[in-house]
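In what follows, chain A forms one complex with chain B and a second complex with chain C.
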Partner chain A sequence: MNDAVATALVGVFGISGSLLMLFSALAMFRVRDALSRINVFSPATGLGMPLIVAAVYVYDIHTEGFSWGSLLMAVAAVLCLIIVSSVASNTLSRASVLSGQPVYRKTAPNRLARPPAGVVDEDPDSPDQPRAGA
Partner chain B sequence: MMRLIHGLSYVFYIGWAIVTGSLTIVVRQFLPGRSYAHPMIVEVPLRCVTDLEVTLFASSITITPGTLVTAIAAGTSTQPPVLFVHALFEDSEESALEGLYDMESRLLAMTRGRAPTTAASTVTEVEQEEGRP
Partner chain C sequence: MTIVVSICIVILAAAVIVGLVRVLTAKDLGSRAIVSDLMYFSAIGMLTMFGILVSSSIVLDAIFLASMVGILATMALSRILTRGLR
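Up next is the complex of A and B:
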């Protein structure tokens, strides 16, 4: 691999990965609650960090030559990043729901917000009875 | 053999979903004149049965940018397990469910060797079985 191609690939992968991290962080300011913030950060861990790993791997091939060991490390790193990011997001969202974090009021429909039976005080005289939990 | 082909196509499908979802999250920040996101939490009754299928499906949903699993209700002998999915960029509940069931069909084709033929029971059917309003 010649110098120009290697430099270009390292630059493209590294810079696009870093920009994904930056824009995911900026996107966290555009949404309003904890669940959405966990949600919009997944480009950084699901695509941004694997791209940075790819940049490092191309650089490694260019400077030290191809070796199966570094290929194995790169593939394992990408797989682990994706799996760990997924499980961590699940755990974070479970923790945020179970700890009673408020959900953004414009979340519609919110199927999770069905009150337990007996909690809603239903008035049979009311002309327009709202659906429980709607 | 068919499971291997389905598995490979599922891996590419998830990779493509990660790329397009990431681009959606980034690009929508620069589209003026519209609100950034429409958060919603939808209820997804599953056709997945085993623990492995449910775990794989929940992880696939969460790794796709724009959708996030917030709660998992275990299935009983009469009801399927239910996922509660937080979706950010879907236009309506129907389109969100459509995309999720497409992903589930591909996943079940991988774990079972063929896609399931039965459609998933809808939320209203599940609610009627439970006797909820």
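Up next is the complex of A and C:
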């Protein structure tokens, strides 16, 4: 691989990956709650970081030649990034819902905002709660 | 090679700065956790680009290990959010 091709590939992969990270950081300002931020965080780890790994792998081929070890390492890094981002997003969104982080008021449908029917046990003898049949 | 890698470093540094501003202006803890996670990955990208800039031979190892252990910070932050409960 000659120098110009390597530079062009590193530039295309690296700059597009970096731009995805930057756009994801800018999107953190546009959405209003933690769950949507976790949602717009996915392009950064799902596509931006694998593109940066691709840039690094092209650079590695250019400087040290092809080897199966570095190919395995690059493929494992991409797979780890995708698995890590999905599992981490699941865990963090579950934690943010369980810890009661506010959800944007215009979110629709938002079935998590109120408990499902039959879950809340209301006291029928309570004076300030009118009876269902009364 | 130096120019494109420098452009990448500048873009990633801008992402880190935007994330820092967002962490400072965020109201809820979940947003701070996810933005700090984004800053972690941006810093990893900057580290690998610096490795290309100085012609280091371990950039692939660095990004491989960092992508493998990146889940630990997120797990720790989510456990902190739920105060240690699962």
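As a working rule, the second predicted complex is superposed on the first by the 114 of 134 C-alpha atoms of A that agree within 3 Å, B and C clash if a C-alpha of one lies under 4 Å from a C-alpha of the other, contacts with A are read in each partner's own complex, and residues count from 1 in each chain.
Keep in mind that, in the parts below, a contact is a pair of C-beta atoms (placed from the backbone, for glycine too) under 8 Å apart; a residue touches a chain by one contact, two chains touch by 3 or more.
Keep in mind it's a predicted model, so treat the numbers as computed, not measured.
Novice: Could you say whether A:Leu81 touches chain B, chain C, both of them, or neither, answering first, second, both or neither?
Specialist: second
Novice: Is A:Tyr59 touching the first partner chain B, the second partner chain C, both, or neither of them?
Specialist: A:Tyr59: touches chain C, not chain B.
Novice: For the overlaid complexes, name the partner, chain B or chain C, with more touching residues on chain A.
Specialist: C
Novice: Could you say whether A:Ser24 touches chain B, chain C, both of them, or neither, answering first, second, both or neither?
Specialist: Both: A:Ser24 reaches chain B and chain C.
Novice: For A:Thr7, select first, second, both or neither according to whether it touches chain B, chain C, the two together, or no partner.
Specialist: In the superposition, A:Thr7 touches chain C alone.
Novice: According to the stated criteria, A:Arg111 is in contact with first (chain B), second (chain C), both, or neither; which is it?
Specialist: first
Novice: Figure out whether A:Arg94 sits in contact with chain B (first) or chain C (second), or with both, or with neither.
Specialist: both
Novice: Looking at the overlay, does A:Met49 come into contact with chain B only (first), chain C only (second), both, or neither?
Specialist: Second partner only.
Novice: For A:Ile38, using the defined touch cut-off, is the partner it touches chain B, chain C, both, or neither? Pick first, second, both or neither.
Specialist: Both: A:Ile38 reaches chain B and chain C.
Novice: Report, in rising order, the residues of chain A that make contact with chain B in one complex and with chain C in the other.
Specialist: 24, 26, 33, 35, 38, 48, 87, 94
Novice: Which of the residues in chain C come into contact with chain A in the complex?
Specialist: The touching residues are 1, 4-5, 7-8, 11-12, 14-16, 18-19, 22, 27-31, 33-35, 37-38, 41-42, 44-45, 48-49, 51-52, 55, 57, 59-61, 63-64, 67-68, 70-71, 74-75, 77-79, 81-83, 85.
Novice: Using the touch definition from the top, list the residues of chain B that touch chain A in their complex.
Specialist: 18-19, 21-22, 25-26, 29, 36-43, 58-60, 62-71, 84, 86, 88, 93, 123, 132-133
Novice: For the complex, give me every residue of chain A touching chain B.
Specialist: Contact set of chain A toward chain B: 20, 23-24, 26-27, 30-31, 33, 35-36, 38-40, 42-43, 46-48, 82-83, 85-87, 89-90, 93-94, 97, 103-104, 106-114, 131-133.
Novice: Per the contact definition, I'd like the list of chain A residues that touch chain C in the complex.
Specialist: Counting only chain A, the residues touching chain C are 3, 6-7, 10-11, 14-15, 17-19, 21-22, 24-26, 28-29, 33-35, 37-38, 41, 44-45, 48-49, 52-53, 55-57, 59-60, 63-64, 70, 73-74, 76-77, 80-81, 84, 87-88, 91-92, 94-96, 98-99, 101-102.
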